[in-house]
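There are two complexes below, and they share subunit A, which is joined by subunit B in the first and by subunit C in the second.
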Partner chain A sequence: MVEPAVEYAGLGFAYGADRWALRELSTTIPAGQLTALIGHTGSGKSTLMELTDGLLLPTSGTVTVFGQQITAATKKKELAPLRKKVGFVFQFPEHQLFADSVLADVMFGPQNLGANPTSAKEAATAALTRLGLPAALFDRSPFELSGGQQRRVALAGVLAMNPQLLILDEPTAGLDPTGQAELLSLITELKAQGLTIIMITHQMEQVARLADTVRVLDGGQLVFAGTPADLFAQPDLLAAHHLTPPAAVTFAKQLDWAAADPQPLTAATLAAQLAKQLKGGTGNG
Partner chain B sequence: MISVEKLTFTYPHQEAALFEDLSLTIPDHQWVAIVGRNGSGKSTLARLIAGLLPTPAGTITVNGLPVDEDHLAALHQQLGFVFQNPDNQFVGATVADDVAFGLENRRVAPQKMPTIIERALAQVRMTPFKAARPEELSGGQKQRVALAGALALKPAVLILDEATSMLDPQGRGEVLSQLASLRQQGELTIISITHDPAEVALADQVIVLDQGQVRRQDSPERVLTDVALVEAVGLVQPFALRLKAALQAQGVAVPATITTEGELVQWLNQQLNTRG
Partner chain C sequence: MDNRALFGMYFPGNSLIHRLDPRLKMVACFWFVVLVFFAHGWASNLLLIVLLLAVIRLSRVVFAKYWAGVRGLMGVILFTALIQALFSSGGTVYWQWGIMAVTSAGLVQAVLLMLRFFLIITGSTVITVTTTPLELADAIAALLKPLKVLHLPVNQLAMMLSIALRFVPTIMNEVTMIMNAQRARGVDFNSGSLLKRAKHLVPVLIPLFVAAFKRAEELAVAMEARGYDPNQPRTKYRQLHWQRRDSLALAVLVFVTLAFIGLRIWE
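Showing the complex of A and B:
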């Protein structure tokens, strides 16, 4: 088995006395795969990612990222090498933006990692273009942009740094549908290039389509680790943790047919199975 | 009614106008969804209607009130606004204070406030966080509190700028059904800016903005089934319509007249039963 990119062992985190946001959490994030991190509002997803990026330190237990162990005793300066490998796009992109212009904002990362201005500018321009931000906006203050445009700049800023582990906290929130579709295909491409990706999302369609593996949090505890197909085959588990299945599952339940195996999770796979039954006459293939 | 007439607006330091001679009407007591690409002008339009930007005099009226300096206080008595980023919303030191602040501005009697605050927070399941500071909340918790604050005001016009974008599916469903029932009771005009097809489908009307212009104002059914429009402005269709398109692509001849989930389920079941 390949080394996991991240390993959590007995991890606990409290925001101040007795305000535990995570408890006794142990699991791994496989390298080179896309892990979806899901759970209802306040379940601890963003907190777990802040611990993974070293923005927060564990209260108890450990986080190990690419072999580097982080504990309550880890010093801030020991985290510098980690920051070069981990890119984190925050839930609220505004929290990430700071420079006077869009271009300067995105160039900051590569320059900070030692790139000269020319190559930093190249990396920034490429990333912004990849995220569909019109060049006319490059010189504008990032604070004079629309919400979706700011999200694109924040994503570009992290991508321009070429991280090995990419953490995306609800990356499609605020993007228009075209932007969402483009981002999802970009994520697929990055994974094909070998990146490890952790994506927090409330959209079960995205989990069904993109995730190799899923981790579910509830009340700061890990309550599921496995594949999307496994997760969505357990309606009781979903209901117990206030989750809903993808629309394809809910839709298929209303049909008079023997549930197909594997259960279709997307519009495309559901359509393919229905077409087969309607044309073939019988059987689930 | 909200009426926008010949509105021209340019942001400071910008050369090009975002809106030029924009006109539209939002009827009373309806739920109107505003959709369009990133940067098409949705949030700006909402802020201009709410008088949160220097709205050019004589261009916008809300329930008969002109949106200008002289009428700003009166206008704000009528409006509830949930911003795209809830961090821009909070003024109170705690969650409860934050809801109270809006009520104080409305001159709600102090003895009535605790009950209103309790109810508003319970509606969004945030009662346990009453004493928390806004910066101690998760993203979805912030959105819930922002919604509670706006709903507590019982505004005549409620403007929601992507107010459910970070809610979990259950929370989003709850908020949308609360809005649907408020609208059912009448008296409330809802303007919701959204990229969520399920939210669009619930509205009475959809305004499609495209580069600062109204490309279409029509019912959700007609907007969402207009394939050319959907493609041109990059909308996403509800699941049933996406499934229908996928079935057609697989050679299943779903009749064009089928546009809702119920109709598609019924038609598919007929087909499945006659084949079986």
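Showing the complex of A and C:
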């Protein structure tokens, strides 16, 4: 049993009097792993993440992040330590860049948390280096950079605050294929460095490739919690919530292929299994 | 962010006032404000109060809506009235301290001033409460039309107005998103000195402007790609039709104005 980084218990959130975005949600986010959060627009994913970062307070139930409990009665002052633990990278995070230079923008977060300029600068440099941004860009205006670079600067702006939990809202949206691949391998590296990651995504291929566990939301309720393999082994569940399995899963299914065990989730696994099968003749692998 | 100022004001309904031509409503509102400024005596003010109450009653909008408009500006109103009361001279002096004095004339002035504020604010609230922003934009565009003679780009202005209205909710969403993103980076918008709070707006305003300029450019390209030519005459999807009730309302307005002039002469 992996120790949970976040625990939701009977969590509910309503906008206004009776517009419930989340109802009676209970699940955990395991520490040190990458959890994929999927669901359609309006399923409550973003609300759940905003609750996790204390940007919203629960209407009912509790959120516990690394031992700190948040309820409807939590005071705003108590949320500051929470923000130190949780780094939230919004969708199109490059839209939040504002400072004159890349370095100053990345230093913004640590300084807000009370770091002095020297240590903020250290944290910023470390974060930018961690994300592979060349030092030559540090003094440039963030608005001069390419889209992929801007996104990495924005990501560095959050990483510089040294969070234990990183929330990524569709981190690859709007990037070209190279940019997407680069970002995904960065995410894998960050996880290897011990960060707990929650990633909102619509791309099942990413879920299959990167996620250790999956949570599916629909209509403000949790409808699945388990591993990607479990999820994609349940075609009825996927269909009921209008999710499409990754191409590899569909392909193996269409072959009606006994050798597909374990079920291939990514194109790479599928290719390896196929190659083995083709080389080994009719054998069962 | 609070966008009640522009959108939440409209109170859906189907009353006579709701159905009046927005052009008439705008002109009438303007005229009402002019009359308020010419009302000096009790009788003429009373006439305007009666007219306003009648319109409010006809609009079938809960009174709280109108009160909300006044309440927002209560601070300014009270402050101005206080200044007026303390620094006017004439009549009986009740209290004096240095250059400040409370006099009977000053009190009358202050009360009249407050009344004027109430009338003007509530009068214009009638419009925003009973007219959708789109109708208002159409009315402004229609009322500007005569200025075409002066080579004012009326069509373009109308287009700008409707685009601006269209993007208010979008920009509001964006503000919320950027503010959330900066809050996640440790900004606390609700604490600190006034200067500090003003400084906190920089990380919100700069991204907002960048996004707005980008959006404007994209929209311009998209419009041109669909053949938009600002100098062509344009037809309208929503047409404004002058009805009998509009003529009737106009007649009432003229009648009230005549009565007003009569009262002013008599006063």
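In the analysis below, the second predicted complex is superposed on the first by the 233 of 285 C-alpha atoms of A that agree within 3 Å, B and C clash if a C-alpha of one lies under 4 Å from a C-alpha of the other, contacts with A are read in each partner's own complex, and residues count from 1 in each chain.
FYI, a contact is a pair of C-beta atoms (placed from the backbone, for glycine too) under 8 Å apart; a residue touches a chain by one contact, two chains touch by 3 or more.
Please read all numbers here as calculations on a predicted model, not as lab measurements.
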{"item": "First (subunit B), second (subunit C), both or neither touched by A:F108", "value": "second"}
{"item": "Which of subunit B and subunit C A:G219 touches, first, second, both or neither", "value": "neither"}
{"item": "First (subunit B), second (subunit C), both or neither touched by A:D53", "value": "second"}
{"item": "Partner chain(s) touched by A:G12 [first = subunit B, second = subunit C, both, neither]", "value": "neither"}
{"item": "First (subunit B), second (subunit C), both or neither touched by A:P177", "value": "first"}
{"item": "Touched partner set for A:L274, first subunit B, second subunit C, both or neither", "value": "first"}
{"item": "Contacts of A:G87 with subunit B and subunit C, given as first, second, both or neither", "value": "second"}
{"item": "In the superposition, subunit B vs subunit C on subunit A residues touched", "value": "B"}
{"item": "Touched partner set for A:Q96, first subunit B, second subunit C, both or neither", "value": "second"}
{"item": "Subunit B/subunit C common contact set on subunit A", "value": "none"}
{"item": "Touch list for subunit A against partner subunit B, complex", "value": "15, 39-42, 46, 91-92, 94, 144-149, 152, 169-170, 173-180, 202, 204, 242-244, 247-248, 251, 254-257, 267-268, 270-272, 274-275, 277-279, 281-282"}
{"item": "Contacting residues of subunit B [partner subunit A, same complex]", "value": "11, 13, 36-39, 42-44, 84-85, 87, 136-141, 144, 162, 165-173, 195, 234-236, 239-240, 242-243, 246-247, 249-252, 261, 265, 268-269, 271-273, 275-276"}
{"item": "Residues of subunit C defined as touching subunit A within the complex", "value": "174, 177-178, 180-188, 190, 202-203, 206-207, 210-211"}
{"item": "In the complex, subunit A residues that touch subunit C", "value": "50, 53, 55, 76, 80, 83-84, 86-88, 90, 93, 95-99, 108-109, 112-113, 143, 157-158, 161"}
